[in-house]
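There are two complexes below, and they share chain A, which is joined by chain B in the first and by chain C in the second.
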Partner chain A sequence: MTDFKKIEENLKKEAKRLLESGEVTVVLAYGKGFDEKHPMPFAAKSVADVDNIVFNEYCNYNMARYLVRYPQGTKIAIAVKAADSRAVIQLIQEEKIKKENLVLLGIPVIGMKNPKTDEVIDSKTTCGMHNPVLYDVLLGEEVHGQKIVSPYDVLAEYEAMDKDARWQFWKDQFDKCIRCYACRKACPMCYCDPCFIDQNKPKWADKAPQSPGNIMYHLTRFHHLAGRCIDCGECSRACPVDIPLYLFHKKVAKECEEMFNQVSGMSIEDKPVLVNFRVEDSDKILE
Partner chain B sequence: MDFEPKILGIACNWCTYTGADLAGTTRLQYPQNVRVVRVMCSSRINPSFIFRALQLGADGVLVGGCHPGDCHYNTGNLYARRRLATTKKILEFAGIEPGRFRVEWISASEGNRFAEVVEEFTTQVKNLGPQTKLKIQE
Partner chain C sequence: MLKKTAIEKISQLAAVLMEKGTLLAPVKEVAGHNFAEINDPQKVDLNFYNTIISPKGAFFPPKEDFIKYKIGKTITEAEQIKVDSKPVFLFGVRPCDVKSFSIMDIHFNAAGIIDPYWSQRRKATTIFGYAYDLNQPVDAADFYNSLGIYAADPEGSDIFMVKKDKDLLLKGITPKGEELLAQLNTLVDAGKDDEKYYEETLKKGKEYKTRFLCIDQDVIAKKLEAVFNNNDFWTKVSSACLSCGACTFVCPNCYCFDICDDTIFGKGTRRRVWDACMFTDFTLEASGHNPRTQVYQRLRQKINHKYSYHVKKYGVISCVGCGRCTRSCPVNIDIYSIVEEALKL
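Entry: the complex of A and B
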C-alpha cells in the first residue's frame, strides 16, 4: 500500500522548494477540508500556504481541472496521479497549456478511496492505472506488480444487454439527472465557454431537468469527450444522484481505441482523434 | 394505413446535393420520405443535429457526402467520417437502433446511386417502425 504520509511530506517539501525559488507562482495540490474524508482542491500561492497541503486516500480530485483557469504563461506546479497526468497530456495536445510552464509532481498511488462509499477506486470506474504517465518529479515509489485489468471489462454486462433494455437503463439513469452540471464542473476536459447547453442561439436542448433535455445534454457531452476522456471517473464521483457516467465514457473510449488505434492522453506528440484523420481510415467504421 | 417514415437527409452541397439534383432532372422515381437539407460540407454536420432531429420527430437520418478524397475542401469528409462513426457508436450504446442513421458517399454524377440509397434506407426505416425512444412526447 502507498505510504500517504510520506507522499504528503515530499509534496510539502517540493512545493516549498518551488515556491521559494520562484520557479512557479502557484502549486495546485490538496488542502484541508472540514474533515479527514473531505480534502479540498487547494492552490498554494506562498510558502506560508504550504503547511495547509494534505494528502490522504480521499484526495481523488483531478487537479488538471484548474489548469485552464490560469492565464496562459502562468508557471504552475501540479500534483498529478495517474489519470490526472493523462489529463495534463490531453490538455497539452489540445494546446490549452504548454509543457514548459508546468512542473508535474507525479504521485504513484494505489488504494484511493471514494469518500461517498469508502470503496477502493479501481479499474471498474477509472482507467485503473497507478503510475503517472508524465512527470518531472516523482514523490513516491513507483507501483509495480499489480495485476493488469482492462478498464473495459466492466462494459461486458451492458454490451450484452438487449438494445431496448439498454435504452430503458440509460433513460432511467438520465431521468434522475437534476442538471446541476457537477459532471461538467469536475471534468478536466470540459473547458468550453460557453458550454453548448448554456447557448440560446441555437438552443440545443431544453434547460429544465426533464427527460429530453437530459438525454440531449448527456449524449452530446459524451460525444464532445469522445477520444478526449481520460477515464479519471471524476464525473461519476461528483454526481449527486450517482449516474454511472463512467460506463458511457468507457464505451466511447473503447470504440475510439478500436477505430483509430489511439488511447487518449498517453503521448504529447499525438493529436486528439476527432481533430485528426488518416486517409486510410476504413469506411467500415461507419457500418 | 401504412407507416410512412419521416427521414432527414443532410446532403453536402458539392456532391450529394448535386447528385440528388441529377436524380431529379433525370426523372428517377424514389420515395418521398426524405427531406433534404443542404450543408456546404459533410464536416459541417454537428452530431447534435442528428440527436436533435431524432428528438424532434425524425425516424431516420441520412447523411450524404463526397467520396473520401473528392471533398471540395480536400479533407472535410475525412474528419466527418471519424466524427459520424463516433455518433453511430454513441446511438448504438444508448440503445437506439443503429439502422436509423446512415452515412453514404454519393458523388455529383451518381443520381442513380442517390435514388437507390434513398429507396434502401426508406425500406429499412419502415421495417424498424416509428422512432419513439428519443422523440419528445407532447
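Entry: the complex of A and C
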C-alpha cells in the first residue's frame, strides 16, 4: 500500500526546497481542510505555507486544473498523480502551458478514496494508472505488480444498454442537473473563456435547469472533451447530485483509442487526436 | 395538540396530505435525499440527515416561468403564468432550514417589495418542521449552533415533528398547524409519556452540539468590512475555489436569480432561474466591463454578502449554518473556517 505519510513528508521537503531556492514561485499541492477527511487544493507561495501541506487518500483533486490560472511564464511546481500528469501533458500538447515552466512532483499512488462514500476509486472513475506518466521528481515508490484493470471495465453495464436505453439513461441523469457547472470548473481541460454555455449571442442553450438545455450543455461538453479527457474523474466527483459523467467520457475515450490508436495525455510529443490529421486515420468517424 | 403515528405508517399520512394538496417531502436519490413533489406516498423517506439541496425551491424554484409569448405578436397575446394556489405541505424540514425561510422573507415578502410568486407559495404552504435525530452523530460540516439555532427548535414551523423510537410525534405550533393536525385522521392522540418526551427533546436539542464559533453579527460585519482590501487574505482563502455554483445552489439563503428569455422556433418564455455570484458572468455588464473578474473577488462577495452587507442592511446574518455549502463544495471550502480566520485577523 501507498505510504501516504512518507509522500507528505517528501512533498513538504521538495516544496520547501523549490520555494527557498526560488526555482518556482508557487507549489500546487494539497492543504489542510476543516478536518482530515476533507483536504483542499492548496497553492503554497512561501516557505511558511509549506507546513499546511498534507497528503492522504482523499487528495483526489487534479491540481492541473489550477495551472491555467497563472500568467504564462510563471514558474510552478505541481503535485501530480497519474491522471494529473496526463492532464499536464494534454495541456502542454494544447499549448496552454510550457514544460520548461513546470516542475512535476510525481506521486505514485494506489487506494485513493471518495470521501463521500469511502470507496476506492482507482480505475472506477479514474484512468486506472498508479504511476505518473511524466515527472521531474518522484515522491514515493513506484507501484508495480498490481493487477492491471482496464479503465473501461466499468463501462460493461452501460455498453450492454441499447441505443434507446442509453438515451433514456442520460435523459434521466441530466434531469438531475442543477447547472451549478461544478463539472466544467473541476475539469482541467475545461478552460474556454467564455464557455459556450455562458454565451448570449448566439445563445446555444436554455439557461434554465431543465431537459433541453441540460442535454445541450452536457452533450456539447462531452464532445468537446473527446480525445482530450484524461479520465481523472473530477467532474463526477465534483457533481453535487452524483451524475456519473465519467461513463460518457470513458466511452468516448475508448472509441477514440480504438479509432486513432492514441490515448490522451500520454506523451508531450503527441498532438491532440482531433486536431491532428494523419493520412492513415480511421474513416469510421465519418460513417 | 400533540399527535403521533408510527414511522412505518408514514405513507398513510402522506396519502392523506396528497389528497389535500401538494406534498413536498424528502425522497432518497442516488447521491442522498432531496425534497421532491410526492406522487407515490411510499417514496416519503424520513430516514435522512439533511437534504443535499435546501428546501428553498418550494417557494423559489430553480426555474420560474413568468410569461409565454410568440415572437412578432403583440403583448396582449402573451400568456402570463399563474402560480398554482393549491395548498402545499412541506414535510420534514430541519430547524435551520425553517429559520432560513424567515431570512428569505426579507427579500421576497417584506413591506414594499413583495414577490407574488414567493408570497403566494408561502401563504399556501404548511411547514412540517422536523427535529434532527439526537441519537445520530452531528455532521462535521454543520455549525447552526453558531447562529443561535438548535437541533430541535420548533420556531417557524406550523407543525413540529420529533422522532420517538419508532413513532413520529407531531405538535401543532401555529393555528394553521393546529387546524390541519385536527383534520389528519390517520394520526392518534399522543399519551402523557409522549408529551414528556417531546418537551425533553426540545430541551436536549440545545445540547446537541455542532461546531461553535462565537459570532456577534455586528463584530463580524465590521471585521469583514475592515479586511475588505486585505487581498492576501482573500487570495489565500480562495486559492482552491473553482468558482462553480454548487455552494450557492444548495444554500437555503442564496436568492440571486437571472431573468432570461429562452426562445426557440419563434416561441419564447420569460423566466427566472437561479444565478450564482460565483459565476464569472454574474457581474458582466453590457459594456463588457466586469468588476469581479477574479475568483477571490467573487468569494469575498459571497462571504461579505452573507456576514457583512446583509447584517448592515437587514440586521441579520444571511446564513443558518446548515453546512450544505461545505458538504457540496468539490474542494471543501468551508465558510465557517473563513469566518473564523477573518475574526482572527
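Everything that follows uses one rule, which is that the second predicted complex is superposed on the first by the 284 of 287 C-alpha atoms of A that agree within 3 Å, B and C clash if a C-alpha of one lies under 4 Å from a C-alpha of the other, contacts with A are read in each partner's own complex, and residues count from 1 in each chain.
We take it that contacts are C-beta pairs under 8 Å (C-beta built on N, C-alpha and C of every residue); 3 or more make two chains touch, one makes a residue touch a chain.
All values reported here derive from a predicted model rather than from experimental measurement.
On the superposed chain A, the two partners chain B and chain C both fit, without a clash. Of the two partner chains, chain C is the only one that A:P209 touches; chain B does not reach it.
By the document's definition of touching, of the two partners only chain B reaches A:E255; chain C does not. In the superposed pair of complexes, A:G33 makes contact with chain C only, with no contact to chain B.
Within the superposed three-chain model, A:D164 lies in touch with chain B and out of touch with chain C [touch as defined at top].
Angle at chain A between chain B and chain C, computed from CA centres in the superposed arrangement: 90 degrees, to the nearest 10. Shared-chain residue A:C180: touches chain C; no touch with chain B.
Using the contact criterion defined above for the overlaid structures, shared-chain residue A:L219 touches chain B, although it does not reach chain C. For the overlaid pair of complexes, the smallest distance between C-alpha atoms of chain B and those of chain C rounds to 7 Å. Residues common to the contacts of chain A with chain B and with chain C across the two structures: 212. Interface residues of chain C facing chain A in the complex, by the touch rule stated above, are 29-31, 52-53, 62-63, 140-141, 239-240, 242-246, 248-250, 258, 260, 262, 264, 271, 273-274, 276, 279-281, 295, 326, 328, 330-334, 336-337.
Interface residues of chain A, counted against chain B in their complex, comprise 158-159, 163-171, 196, 204-205, 212, 215-216, 219-220, 222-223, 226-227, 248, 251-252, 255-256, 259-260, 273-279, 281, 283, 285-286.
Put simply, chain B touches chain A in their complex at residues 47-48, 51-52, 55, 68-69, 75, 78-79, 81-90, 92-97, 103, 105, 133-134, 136. Within the complex formed with chain C, the chain A residues making contact are 31, 33-35, 37-43, 61, 65, 69, 116, 176, 178-182, 184-186, 193-194, 198, 206-210, 212-213, 234, 237-242.
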